[in-house]
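Beneath this line is the structure, given in structure tokens, with notes to follow.
Chains here go by letter, A, B, C, D and E, matching the order in which they are written, and residues are numbered from 1 within each.
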Amino acid sequence: MKERPDVTKTPVIAARDLSLTFETNDGPVHALKDVTLDIEEGEFVSFIGPSGCGKTTFLRVIADLEQPTGGTITVNGQTPRQARLARAYGYVFQAAGLLPWRTIGRNIALPLEIIGLSKEEQAEKVAQVLDLVDLSGFDKKYPWQLSGGMQQRASIARALAFDADILLMDEPFGALDEIVRDHLNEQLLALWARTGKTIGFVTHSIPEAVYLSTKIVVMSPRPGRVTDVIESSLPKERPLDIRETPEFLEIAHRVREGLRAGHSYD
Amino acid sequence: MSRFLSHALPILTVVALIVGLWYLAAIALNAPWARDQATRAGVDLSASELVADTWSQDKPKLPAPHQIATEIWETTAEKKITSKRSLVYHGWITLSATLLGFVFGAGFGILLAIGIVYNRAMDMSVMPWVIASQAIPILAIAPMIIVVLNAVGLSGLIPKAIISMYLSFFPVVVGMVKGLRSPDAMLIDQMRTYSASPAQTFWKLRFPSSVPYLFTSLKVAVAASLVGAIVGELPTGAVAGLGARLLAGSYYGQTIQIWSALISAAALAACLVGIVGLVERVVNKRMGFAR
Amino acid sequence: MNGLIILAALLFWLAAWAVNVRLSKNPDKPGRRIIVPVLFGIAIIVLWEGLVRGLEVKAVLLPPPSAIVVALGDKAGTLWIDFVQTFIKGALTGYAIGCGAAFLTAILIDRSPFLQRGLLPVGNFVAALPIIGMAPILVMWFGFDWQSKAAVVVVMCFFPMLVNTVQGLQQADPMSRDLMRTYGASYWQTLFKLRLPAAGPFIFNGLKICTTLALIGAIVAEFFGSPIKGMGFRISTEVGRLSLDMVWATIVVSALAGTAFYGVVTLLEKAATFWHPSQRR
Amino acid sequence: ADDLTLQLKWVTQSQFAGYYVALDKGFYEEEDLNVTIQPGGPDIAPTQVIAGGGADVTVEWMPAALAAREKGLPLVNIAQPFKSSGMMLTCRKDTGIASPDDFAGKTLGVWFFGNEFPFLSWMSKLGLSTEGGDEGVTVLKQGFNVDPILQGQADCVSTMTYNEYWQIIDAGLTPDDLVVFKYEDQGVATLEDGLYVLEEKLADPAEVDKLVRFVRASMKGWKYAEENPDEAAMIVLDNDATGAQTEEHQKRMMGEIAKLTAGSNGALDPADYERTVESLLSGGSDPVITKAPEGAWTHDITDAALN
Amino acid sequence: MKERPDVTKTPVIAARDLSLTFETNDGPVHALKDVTLDIEEGEFVSFIGPSGCGKTTFLRVIADLEQPTGGTITVNGQTPRQARLARAYGYVFQAAGLLPWRTIGRNIALPLEIIGLSKEEQAEKVAQVLDLVDLSGFDKKYPWQLSGGMQQRASIARALAFDADILLMDEPFGALDEIVRDHLNEQLLALWARTGKTIGFVTHSIPEAVYLSTKIVVMSPRPGRVTDVIESSLPKERPLDIRETPEFLEIAHRVREGLRAGHSYD
């Protein structure tokens, strides 16, 4: 951790030569290999790449859910473990992962119970984030009474309620249809603009990555490496139809090229 | 009404079928004795007399359903429940041992499951022996358990309850281990990102997740408890309880009495399982599992 | 002196536990899954021996494991005859007939949803009954030799197996069934190619439950009358003669046989339902 | 009052009428004893119960008691209320059995659980193997009832004069259909229903005093039962917790039991003892006991109680 | 079925006022209402619409997996049932639905076993379709040894092996990442061009629908209706970068408008 480079603005997340190898029955799997990446405060970083390239693994290492086998990583200048214990992360998993025996409201309150907020504070916070994801009025419903999209939004609300400075999202919109997805993309951008959180976002969709991010990290598998880091030149203010502009299409094209290089086709 | 038809009608049909087969089987099994008697008495039996006889013998090989029903009616409704001839009295004795054993068994099973889920050494060393323990014929060691417990001053209800616990803890362990491990890795990781304590993870995640498994195994366990209590009554000297009734009936060749004890035990088992099911439904509703 | 024996046994037990805790840190090293439980078993036996000797428990109440081992060696011939009578003839025959009959019944009623809806609750009910109570009746019906023991086993195994098979046959997911429909597959094609394989895990679950039931049923039935051999006969007779070492030797044989039987079915299950998620990992 | 627990050999029935009468009529109370009577059952080994400290005195048959003594459980006979044996083998006439010579090749029902010893020594005396075949007899472990003979699974079954025999009669067979062989008549009778305690009890004068009072009261109960069989049977019936016994059966049993206790004042007749031991020792290849026991009985208690 | 309209070219699938209502505990659900649609031989028809608009239901009615409650439908001039028994359909479900106890090869051979082909014919066919979806060499693997995308391809191969004239595909590429999806889209187009099959294709993705189809059916929910039928003016020959042409974007725009009308947002 001492070899953190001397930059003017300290990055929130700094990975140096990060490697992670899983030992499995049929030999080691190099999920991450020599990944070096800085994420500055307030950035919106998307990770894109073919299946199995280590996107999830990288997010999990940041969140101290996986231990790297080589290299270093710091979060807010601390180890990921210290950051986790300091409750620095909100994490949205790929599936909604709501507890079926709790109502939507109580699901969202779960992390708040754990950090020991009072009942009133919990209620206030829950109402606030439910509103943010357009689910006001659904707090007494059980997860299975909601559609898949609504569940996913509830799960995002839960991560937001936790109100950590770093929000890690692993394909949160994978299961949603295009229209709902567009809508949530807009909402997420607005939220990010308002709160200034640092966001790490995994996706499979090129338009989504381009539309949302200030920085797009393209990865390739076996071993999982970063093949390209694209800084987005799009303005902070992004209406939905920015997606039909030439700049947008150009960035999308560059991402697609980067991606294609990682695939076996062509 | 249509709900009733679609649910109850098939069951009633099957039950009616079984009762019908039962009457036929009673004829087949009891006829030899009826004929034997008739030959010795030197009379000829017509077919209808034969059937009537097979359904009304004193000690039939297989009593007809109505004979059992009559016996049960006489020994429940028509006897004071404090009377030693009342099935209610014997049922209560068995029930108390069953319930005590069930509580012991469920409690022990849950604790063991928690140990197994949270401690890998326990998982690896205990689990195989838990399975092996169920291969021991309990009836074989029941008398010894009772004598040994007697030697340390425990008698009456407790030894029976312990045998009943021995049979009932197993399904609970198996079910609870499964249940406590049922939340998927993602949910557990999620608790980690909240940096929740092990106790918080247990009470807010693992335990609620295991509730459906718990009830499924409790239903099996309560039925096993009853078997245990009955088995425990066989060697306690045929003093009281449905098991003793069974044994005494067997000792004196009173088939009707055996069957009525058996059917009462069955009804008791059905009630117990039903009650657990009811509790399950209430809990599910309150926990929001009901759909 | 006696105190020392108990203390030594306790210490051994604690030491074994400590070793187990260390060993289980790396459960995937070869052999660990066997060593750990075996060590645990040995520790229990040592503890038992120590307590029986240390507390001077009378051998007619609880013999020390060493005496049981001696009996196992001395009476191997008798134990083998008993084993054949009870396990091979009584339990295995009954198991095969009971499970087989239940399987065929399940397939027969499979085409009638009406019968299924009626039979499942009744079957579940009967499966929860204290069937053991039928043992004296079946001994009365089928005589004293192994046939009546097999009959008890048949009755005990039938319903758990039936319920599991019927449930298993409903396991194939609707999508796969629809797939078979788009192929215009016949009932039997769907049964053999889709529904029976999909039912595998449930069928094996039934088979596993029935292994312990079979053994217990066969032994218990002998308490209600038997020829002068068999594990149940041996246990009840030797208790009367206060030969507790022999009683426990028989119990050991029964536990071994039961565990091995369970193990064999588990292995078969592994081979037949290798594809099921619960068998992977 | 001093507490004392009595373990019976079998379920509550008129076979134990003397003890129940003594309890019910207050004879024990008069002796300042507080007696608890524990019924036995098919899987209860009274010897094991007494070894585990679950009872002070037990009712047991002498063969089982002596066998236990050889196993290291020092049981001592302190009184012998039953003079004669009630055990017999009951056969169906239509099987062609008329005398013990006809047993070869037949199937016989026997009780085990410690009750098989008299039978085994009888067979070895007859020179019949119990392993089956044409030369020997096929032995069945009989359950708790007489079904095997009713259903033709066995040619003969073990019965007691006072109990199972009457179950056969009740089931519809007549005495004319049956042949009975009393062990008493065959010269292989062994002593039944005696009172046994652990040797160590006899070393303690206070315990001995208690036992003396117990035996005295028990014998008073037995004599009362002999004189008032119907009343005794009703007392037994009142004490039956299973509620399975019938009045008719218990009264008849009491009548038969009275015949067996008639010759005894409670003291063991050494001649009967010697005959029993001899019969047990002669058990062929697998005798019940291998050497004549020492100190397996005492007259100390009965002498003090009855004089 | 007599009222089949008198057109010069008989449509392969002809639905007239087709309705399907599910009776559920809380009232009837109108999954399809008065759907009238013709699909000509050799057409590639995409169905697009928000979740629950009846896309799957319509496909299932065609394949005789669901019985309509009103209106008529004919397939090749027969009832769907007759067509099914004549083995007119290949059906690819949304999930791969491979039988876990069969290897990939034997999964693909399943329909061939059922129609009673000889072992050699089966083997030949299996090898051929495996090649088509780039899975040669995987025929001895079990489904759970393959990634989700590979499983989905195997399931497509299975439907192709069956070689029916009508291919019905219910969101076959939903679970795949963009690059793989592009690749399979290309393959599917090539296959369609080569075989001249009639294809019914459900998707959530607007670009996919536009890229693949000759006809796009836009549906809207509650009750499930057809709101727009768009004939594509794109040429039959479609390289991947046709997606950046103005015609493409225009059709996509029209589809998006049609879709948005069916959603509650905006």
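Here is the rule we use: a residue touches a chain if its C-beta (ideal position, glycine included) is under 8 Å from a C-beta of that chain, and two chains touch if they have at least 3 such contacts.
For each chain, UniProt lists the protein as follows: B, C = ABC transporter permease subunit.
Please read these numbers as outputs of a predicted model, since none were measured by experiment.
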| item | value |
| --- | --- |
| Partner chains shared by chain A and chain C (touch criterion as defined above) | B, E |
| Steps needed, at minimum, to go from chain C to chain E via contacts | 1 |
| By count of C-beta pairs in contact, the leading pair of chains | B-C |
| Greatest separation from chain A - chain, by CA centre | D |
| Farthest-lying chain, centroid of Cα atoms versus that of chain E | D |
| CA centroid of chain B to CA centroid of chain E, Å | 53 |
| Chain B and chain C, separation of their C-alpha mean positions in angstrom | 18 |
| Intercentroid distance (Cα basis), chain D paired with chain A, Å | 84 |
| Touching two or more other chains - residue numbers and ranges from chain C | 61, 136, 140, 223-224, 236, 239 |
| Residue list for chain B, restricted to those that touch at least two other chains | 143-144, 147-148, 151, 250 |
| Residues of chain E touching at least two other chains | none |
| Listing of all chain pairs that touch each other, if any do | A-B, A-E, B-C, B-D, C-D, C-E |
| Touching residues (chain side chain E, partner chain C) in the complex | 60, 63-65, 84-87, 89-91, 93, 95, 97, 99-101, 110-111, 113-115, 142, 144, 162 |
| Interfacial residue positions of chain C with respect to chain E in the complex | 173, 175-176, 178-185, 189, 193-194, 197-198, 200, 273-277, 280 |
| Of all residues in chain C, those that touch chain B in their complex | 17, 20-21, 23-25, 27, 32-33, 36-37, 39-41, 44, 61-62, 114-119, 121-122, 125, 128-130, 132-134, 136-137, 140-141, 212, 215-216, 219-220, 223-224, 231-232, 235-236, 239, 244, 247, 250-251, 254-259, 261-262 |
| Chain E-facing residues of chain A, complex | 50-52, 147-149, 177-180, 183, 204-206, 244, 249, 256, 259-260, 263, 265 |
| Parts of chain B lying in touch with chain C, wherever the complex brings them together | 6-7, 9-15, 18, 29, 61-62, 120-121, 123-129, 131-141, 143-144, 147-148, 151, 219-220, 223, 226-227, 230-231, 246, 250, 255, 258-259, 261-262, 265-266, 269-270, 273 |
